[in-house]
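By written order: A, B, C and D. Residues from 1 in each chain.
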Amino acid sequence: MIVILKPGTLPEKKEHLISWLESQKLTVHISDGEDYTVLGLVGDTGHIDVELLQSLDIVNSVKTVSEPFKQCNRKFRPDDTVVSVGGAKIGGGNFSIMAGPCSVESLDQILSVAQSVKEAGANILRGGAFKPRTSPYAFQGLKGEGLALLKEAKKATGLPIVSEIMNVNTLDLFEDVDIIQVGARNCQNFDLLQELGHLRKPILLKRGPANSLKELLMSAEYIMAGGNEDVILCERGIRTFETATRNTLDLSAVPALRDLTHLPIVIDPSHATGNSRFVPSMALAAAAAGADGLMIEVHNDPMHALCDGAQSLTPDEFSALAKKIAAVRQAVLA
Amino acid sequence: MIVILKPGTLPEKKEHLISWLESQKLTVHISDGEDYTVLGLVGDTGHIDVELLQSLDIVNSVKTVSEPFKQCNRKFRPDDTVVSVGGAKIGGGNFSIMAGPCSVESLDQILSVAQSVKEAGANILRGGAFKPRTSPYAFQGLKGEGLALLKEAKKATGLPIVSEIMNVNTLDLFEDVDIIQVGARNCQNFDLLQELGHLRKPILLKRGPANSLKELLMSAEYIMAGGNEDVILCERGIRTFETATRNTLDLSAVPALRDLTHLPIVIDPSHATGNSRFVPSMALAAAAAGADGLMIEVHNDPMHALCDGAQSLTPDEFSALAKKIAAVRQAVLA
Amino acid sequence: MIVILKPGTLPEKKEHLISWLESQKLTVHISDGEDYTVLGLVGDTGHIDVELLQSLDIVNSVKTVSEPFKQCNRKFRPDDTVVSVGGAKIGGGNFSIMAGPCSVESLDQILSVAQSVKEAGANILRGGAFKPRTSPYAFQGLKGEGLALLKEAKKATGLPIVSEIMNVNTLDLFEDVDIIQVGARNCQNFDLLQELGHLRKPILLKRGPANSLKELLMSAEYIMAGGNEDVILCERGIRTFETATRNTLDLSAVPALRDLTHLPIVIDPSHATGNSRFVPSMALAAAAAGADGLMIEVHNDPMHALCDGAQSLTPDEFSALAKKIAAVRQAVLA
Amino acid sequence: MIVILKPGTLPEKKEHLISWLESQKLTVHISDGEDYTVLGLVGDTGHIDVELLQSLDIVNSVKTVSEPFKQCNRKFRPDDTVVSVGGAKIGGGNFSIMAGPCSVESLDQILSVAQSVKEAGANILRGGAFKPRTSPYAFQGLKGEGLALLKEAKKATGLPIVSEIMNVNTLDLFEDVDIIQVGARNCQNFDLLQELGHLRKPILLKRGPANSLKELLMSAEYIMAGGNEDVILCERGIRTFETATRNTLDLSAVPALRDLTHLPIVIDPSHATGNSRFVPSMALAAAAAGADGLMIEVHNDPMHALCDGAQSLTPDEFSALAKKIAAVRQAVLA
């Protein structure tokens, strides 16, 4: 950590700060420049409050040298993490498509969609049972019953399944769910993350709409700190001033995260755009950008979907898209 | 709800949409303009998915007439809600200052701070026991023990107390806590909000850093839908591109929320700015803007605070500030 | 335009507003609902101030039916605009790559880069002569001399050229420049836009980092209102809270603009990301998303570039990328 | 400047970078830590491209020690700048209110408003003649004629006047204008700023809706670099995701800028909120926060204002507000 003092700092104030830093078991290297004095702190700075230092009236600014995330940091583990689930692999060059309805609505619906997306080339089935909704008056999902129907579809098609958890108290219901999804609004629900760190099951962690990439990695770190190393990161749009799309898909997260972490990176164009007309182009873009997978909403009857029909593709649209995705992947890898 | 069709929409597509809307038990008023056809939907549109309609290729845009929040809507309840707790009142012209340390650290610390802030004019004591921290390696609060110490300080000073809950499973520990705080990161933790709706105890609901005012009100609606009407709204900074402050304090939330809702509005300048040097001016600004209260961090030894020392005032600074706040309140009300 | 009145609006206030609207030569259709009264305004509402209506205390909200942009609106001109310049075509299925250095630095440099990018497949040469720089102390471009060198490179390679204008007073210097670029910071420099509307020469209009897509279209409208119909829109990153990239590339602008306008859409991944390591993946993503072209910075010696070396590709990197772009285009169109 | 290398950087790559840095006339201090190597650069780093260094594959991050703004930096000039104009002073404890209509519309209008605001306590008259409008079809101001009418009002009332310039070519018309305003959209119109730097006349520089405080200061630096030291900074709302107000007023800019610069800071609550109902509370908040002045729109007939009627106060509302502002100022200073 590096602390830059303001020009004209009184020597006694400087000495006071240095003694305090030394009392925190740090070695302080002092380098006096023309205008500024720079203090280099050596030792374990993990317990030092950067913002506190920054707020001192003699301090101009504080710079950290190392990132606060360790386990998910590519610098300390250069090889890609590959998550295996059912027959599917995600990361390390393996590409997965997770597809299915926003909400599980009935056995017929989920079986029919599952069959279609499998035929079209999806290798993981998604389906929501616990639905976080902005309004308390909106449909909140079939909950336990929804998970049971999803498991039926897993049995019928052999596809591994992914579904969202909202509350640690429902963890028992997720026993046969292959990947547990943490929704964007729970990206910093630290109690939930900690609990999921004790599992040995892949977690799909969605980036919160106001979370920086570094915060997303700190949330992954919460899970990994508990010993669960199978974390899949998912970008699904961030909040900006633009209203033409529901959120703004931050596709440059793919190369930026690739630099920072060894964890696989999946893109959800359905929630990002909120509009099925924009999903195909953004799915193809994600594949071209080098994402490790996609999560796409597909519904057999979007006009009657109980939630998020606007962003769902029909099975036919999905099938056409999946073919193009494969072609783009090949073009990029060639 | 109003649906505007694109110019050149084919009559059969228009008819198809109108029949579908009628099948949803809505009456449709059709008004053909020069370029656009406007459909006015009469009836209960609460179950209609606005984004779905918007995504149809014949639809130009969809406009909603009524707000989705009911219970907290000033239009249906014009009089200010006044929350009473201990001797303190918040809302309806009553002003409260909640002050205390970010984290409860020891009995000595919390007793000393509590005594100081009471003398300076605070009428509610704040203190964190469960601390949401971005890093899994940072101090996470004294948890149950912290709440016990906070209750000691309540006994000693008579001040009602407010503290943050992170997890429904710890609700038992909050029995003697006068106001339960929902932190910014849990503003859309709907399961938690729903649970708190079953209590009969004031809830301080912090706005999430990426939540619009309307989303904040929808979250309040989750609590009120359960029958708990004592919700206090708290603005504590939103996420923007500016990095000179930790977040950007959106003080215009005070008059904007005043228009929309009868619930009391409190400002937290400490978390918004993240810098104690900026807290006094923002606290005074909030009082001048007509907020119903303030939440301010005070620590007897900010340099050694276990968390958020950067944004804490010393008891002396707080005392000087409290006097000015009273003077500003008087100037504005005169 | 639709005006929704608040519940409980006094009849005399309602009448007062209606008379005022009628005095503005509008016909007012009144529809009284259970809670709200809805006024439908028929006639030319172009001169009505939406925000003024919105601010009246009896008004709940105001909704506009038609978009304020006309000439660039796809609803009134369904066919794609195709911009032709030199041998290159942009839009309507034609794809262009504009490549070259951020700044023209010397004759050797621009000739060498121009030759390389032409061989690699670029069909338009870019090069900055007037450089908007955040700091007054930074290199501001070679100005007139830079344009002269760029024209030399045009003569040598036959490539049409594009360069940025910052000031109407330098317009004379742009006579042989094939496409005039309006930089992101000048996206709402309305005097400049108006002046360019009088030319009969293609304008590349970059989206401002805080401009919505609708504002970008209004700026295009400024140019088209003067009779210049050859406007190329360029997305180059918007300002968000994320700092891992210089700006956030909003790639969903491609399908979203496609819906709204017939003008061609080009992506600049170099300025958006500010980092050459992220440029290839974002360029491929843009091609996959269906953009009409790319603008990419290429420098023969990025380490010594006088500006924006960080985001420049070497000629070899560009050449490899151009091959992949062609492959992705084919995969998507197949 | 400090450059942090990644763990595992090859010695030859490190050496190569160090030689290059030395070839740039910098002295390099090398400090090898456990994981990271830190290079401290001593000498004039003003010409080094931070983003270029950051993009090198061996570089983890780059930190700058000194700010790029010099002339407006409080560190090098601790005393407040006081701008004097007519009888009014801004900065250094002096408070000014600039009030008047968004647009000058007629002699009657501007005389009437000028008289009212003077009586109510404003000491500078504002009035727009050149109006930047998002739409080319909207009223663009009376231009030269508007300035002439404004000068009439100056003669009649003795109030100094402030008005916005959009184009260097109209500079002649501003000869008797006391303060020239640079609008938010021109905050980074560097050619305009440079030209204004050659004047010896106060410039009111509005922050662009997407400009950070540091960028605002760099724009002020453009003016000051030309020798014009009378720059007044104006915060008028930044662009965020919130739509309840037109922009989000960033009031913490007051204490944050106070730390960074000696220039006076003025707040414009009218443009920030876009709604006259929100203006009084935000004006009072600005006074309480310690701003050096306010810019407030006042119109004798907001319902018929040719532009921005929504945000204008009536003369009576302004007069009541001005009294409260004075009271708040006194409360804060006491």
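Note that a residue touches a chain if its C-beta (ideal position, glycine included) is under 8 Å from a C-beta of that chain, and two chains touch if they have at least 3 such contacts.
Bear in mind the structure is a predicted one, so any value in this text is a computation, not a measurement.
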Distance-maximising chain from subunit C - centres being C-alpha averages: B
Type of subunit A:subunit D copy interface by residue overlap (half), same or different: same
Whole-Å gap separating subunit B and subunit D, where each centre is the average of the chain's CA atoms: 30
Averaged-CA centre spacing for the pair subunit D and subunit A, given as whole angstrom: 37
Computed distance of Cα centres, subunit D from subunit C, in Å: 26
Shared interface positions of subunit D, touching two or more other chains: 210, 239-241, 243, 277
Partner subunit C, residues of subunit B touching it in the complex: 2, 4, 6-8, 29, 31, 33, 35-36, 38, 40, 42, 60-61, 63, 65-66, 75-76, 239-241, 243
Contacting residues of subunit D [partner subunit C, same complex]: 20, 46, 49, 51-55, 57, 68, 132-137, 166-169, 185-186, 188-191, 194, 208-210, 215, 218, 221-222, 225, 239, 246, 274-277, 302-303, 305, 307-311
In the complex, subunit B residues that touch subunit D: 210, 212-214, 238, 240-245, 248-256, 259-260, 272-273, 277-278, 281-282, 284-290, 324, 327-328, 330-332, 334
